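Below, each structure is written out as C-alpha cells.
Both complexes shown next keep chain A, but they swap its partner, so chain B is in the first and chain C is in the second.
Up next, the complex of A and B:
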C-alpha cells in the first residue's frame, strides 16, 4: 500500500509541477532518522522522488497553507487534515482555487518520535471517523465506509474523577508546561496574527511560565478551538512535555456535538455554531 | 589509582546532602525524565539517559524575579532577588554541564548578571559520565566527551559495583568531605559518542552561507515554536516584564526565543527579522557563528534534545553538514 501511495503522490506531484498547476507541493519525505516522515516542500519536478507516504506521516500539512508562500500549492492531506481545509475555507483564511488537494485515504498513523517507530496506532486514529478526505482534487486510495461516531470514553473517565482530583491532575500538568507554544504553532485552527497569550495591552495572560498562567493559556486556547478543532491532535503530539491536551479538546468536541450536532470541518458551508446567531435558538442551558 | 564509591554509599551520601540542601536529580514524571528536587533518594532515576528538558532551569529558571518594588511611605523600596538556597544537582551529564559553563561567557562578562552568578556560586554539580550515548547525541563533535569532567564539580563514572569518583573543583572536594572513598585500580570504560558531525570550520562556513536561499527553504518546514530553544541547555535569551500584584511590582524575566514572532520587534514597530527564514537562520548563526566569535566555544554542546523534540525534524546535525557544503561552494566561487 505505502509504496503504491508514494508512487501515486510522486506522479501527481510531477505532473502538477511540470504543467505549472502549482509552484510547490507540500508532502512528506523521510526524516533524518531514516524511519519516520517529515514535511517536505517540493518546488521542482526533479525532486519529486523525495516524496513518500507511510504510516508515520503524522503532520497536518494544511497548517503550512497559511504561510501563503506560493501562488498555488498542492498539499497532501489525510482524512483528519482535510477537515482543516474546510475550516480554513469557511473562515476565509485560504483560497480554494490556490490549493490543489491530494487526498490520501488514511491507513492510520502510528506513534513515532525521532528514531522510534512503534506499530501502535495513535489514539486520534481510534477516534477517527474520517479516513477518507472530505476535500480533494485527486484521491490516493479507495474511499472507505466510515464507522459510526466514537464514544468519548477518555472524557468520561476524566469526568468520573472528583473535582479535587481533576484540579490536582491539571495542576500537575500545568507545572510541566513551558509555554513553548508548539501546540499553537502546529494547530491549523490557530492563526491569529496577535495571539492573546502574547498580547501586552491588554495583558490577558501574565508573562510567567508558571502553573496559573499555563492553565490560563491552555484553557483559553482550547475554548478558542471549541467547535473548530478538527481532531488531528497535532497539539498533543508536538507537546514536548506530553500534556494531555486532547482531553480538553475532546470535551469541547463532545459538547458541540451534543448541543449542535456539529463536527468541525466536515463541510465548507455548514454554519459554525459558535459564530452563528439564531434568534430562536434554545440550547436547554439555564432554562 | 582511582577513588570509588559503592552504589549504597552513593545513596547514603546523597541522602545526607538532601538533609541540608536542595537536591536536584533526574526524576521520572509520567513518561518524562526531568531534573526536579527530590525528597528522598528513592525518587532518583539513576539509569535514565538524557533528561527531556535540560538542567538550565536551575541556573536560568523559566521564570525568575530580578527584583521587587514596593511603596514604603513616600518612597519606593527596591529589593533585589537573593539566592540563598544551596543546591546540589546530581546526575548532570558532561554535555549539559558544559552548556551551563559556556553560558558564563555571556552571563558573567562585565557587568555580571547577579542572579546567574548567585546560582552558579550556590550550586554544586555532581556529574555522571555518559555510559550509553543516545543516537541523537554528538558531543564529541562539539568539543565535548561522554566522560568530560571539565565543567562539573565532581564526576562519577559508573563501574561494575559502584562509581569512580573524581573531585574536580574545590567545591566538589568540599561536598565530598567526610565521605569515605575506597582506593581502587578499576578504570571506567566509557564508550565514545559515535555520531560524527562535521563541525570543524563551521563558523566560517555559516558566514559564507549567510545569504543562501537555504534558510528560507528550511523555514518552510519550521513551525516556529520555541521547543528547540527551551529544551536547549545553551539557549539563554529572555524577555522582561513587570507584574503587579497587591501594590507590589515584580520585574520578571522569562525564557524567550528568537523563533518567536516579534522577538526582535523594536519601538516604532520595525522588525529586522520579520521573515521566518531569517529567524531560523538566527538560531544557527547564534550557536555556530556569533557565540564562538564572542565567547570562544560553539554555542551547541551536542546533547541532541532539539533533534529529538523538534516536531518537524529540523536537525542541527543535518544543517551543519548542509552548511559546510554550501560554505565550500561559496568559497570556491569567490576564490
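Up next, the complex of A and C:
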C-alpha cells in the first residue's frame, strides 16, 4: 500500500510540476538514515522519484506553506495535517488557490527514532478520528469510516490527582523545559512574527533560566492554541526533553468540545470559539 | 498596606462598570479587605489571559476579573469574548494546579458598590481559608 501511495504521489507531483500548476511540491523523502522520512521540497519534475510515503511520514508539512505564500505550492497532507490547512485558511494565512493539496488517507504513523524503525503507533494516532483529509484536491487512498470521538483518558488520569500534585507535576515539567521553542517552531498554528515569548516590553517570559518563566511559556503556548490546536502533536514529538505537551492541548481540546462543540480545522468556515460568542450561553462564569 | 496582606488578590476592574462600582463602594462607605490590589482596565475583554497567568506566576493567591454585566458592555461585546476566554483559561489553570476557586469572574455594575464590597470580602475569606498557593 505504501509503495502504491508513493507511486501515486510521484505521478501527481510530476504532472503538477511539468504543467506548471505549482512551483514546488512539499512532500516526504527518505532521510539519511535510510529509515525515517523527512520533508522534501521538489522543484523539478526530474526529482519526483525522491518522494515517498510510508508510516514514518510524521511531519506536518502545512507549516511550510507559511513560507510559500507567493507561489503556488503542492503539499502532501495526512488527515491531521489537513485540519491545519483549514486552520490557516480560516485565519487567512494562506490562500486556497495557491495551494494544491495532495491528501493521503493516513495509515497511522509510527514512532521512529534516528536509525531505528519501530512498529509502535504514535499516541496521536490512537486519538485520531480524522484519517481521511478534510480538504484535498487529489486524494491518495480510499476514504475510511472514522471511529466515534475518542475519550480523554489521559486527561482524566491527570485530573484525578489533587491540585497540589498537579502543581508539583507541572513544576517538574517546567524545570526540565529548556525553552528552545521547538514546540512553537513545529506548530502549524504558531505563526506570529512577533511571539510573546520574545517580547521585551512587556516581558511576558523573562530570559532568566527559571521554572516560573518556562511555566509561563508552556501555559500561554497551550492557551494560544485553545480552540485552534488540530492535535497533530508535533509539539510533543519535537520536544527534546519530552514534555507531555499533549496533556495541555488535549485538556483544552476536551473543554472546547464540551463547551462549544467545536473541533479545530474541520472546516474552513466555522469560526474558532474564541473569536466569536453567543449572548445567552452558559459557561459557568459569573452565573 | 494592611496588617495582614495575605492572601494577595489581584483585581482587574473594567473602567465603565466595575471600577465605578468599586468607587461606589468607597463613596457609600462600604468597607472591604485591602487584600485586593485593583488594576483598572478599559474592558473585561481587555484582560489578556497572559496577565492572569502572570499574576499567578508572580505570586498572587487569587485573581478577580470584574466587568459589566452581559449586555451592558460599554464596547457592546467585550465581556462576551472575555467570558469565553476566562471559561477556558480557568480550566487550563486548574489543570496545571491553580485551583479554579482562585480565579473568579464577576459582573459588577457601577451602582453595585455594596455588592462589590461583599464579593471582595467573601473572596478574601474564602482565599484565607484555602491558604496560600502551594507551588508556583
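As a convention for this text, the second predicted complex is superposed on the first by the 282 of 287 C-alpha atoms of A that agree within 3 Å, B and C clash if a C-alpha of one lies under 4 Å from a C-alpha of the other, contacts with A are read in each partner's own complex, and residues count from 1 in each chain.
We adopt the following convention: a residue touches a chain if its C-beta (ideal position, glycine included) is under 8 Å from a C-beta of that chain, and two chains touch if they have at least 3 such contacts.
This one's a predicted model, so the numbers in the text were calculated from it and none came from an experiment.
When both complexes are overlaid on chain A, the residue A:170 reaches chain C alone and has no touch with chain B.
Of the two partner chains placed around the shared chain by superposition, neither chain B nor chain C is touched by A:77.
Look at A:32: by the touch rule set out above, it reaches chain B but stays clear of chain C.
Contact with chain C, but none with chain B, is seen for A:226 once the two complexes are overlaid on the shared chain.
In the superposed model, A:252 lies in contact with chain C only, and not with chain B. With both structures placed on the common chain, the touch criterion links A:237 to chain B but leaves chain C unconnected.
Of the two partner chains, neither chain B nor chain C is touched by A:87. In the superposed pair of complexes, A:216 makes contact with chain C only, with no contact to chain B. Interface residues of chain B facing chain A in the complex, by the touch rule stated above, are 29-32, 34, 52-53, 62-63, 135-136, 217, 220-221, 223-227, 229-231, 239, 241, 243, 252, 254-255, 257, 260, 262, 276, 307-313, 315, 317-318.
Interface of chain C with chain A (complex): residues 49-50, 53-54, 57, 70-71, 77, 80-81, 83-99, 105-107, 133-136. Taken together, the chain A residues at the contact with chain C in this complex read 155, 158-159, 163-171, 196, 204, 211-212, 215-216, 219-220, 222-223, 226-227, 247-248, 251-252, 255-256, 259-260, 273-275, 277-279, 281, 283-286.
Listing the residues of chain A that touch chain B in their complex gives 31-33, 36, 38-41, 59, 63-64, 67, 69, 113-115, 176, 178-182, 184-186, 198, 200, 206-210, 234, 237-238, 240-242.
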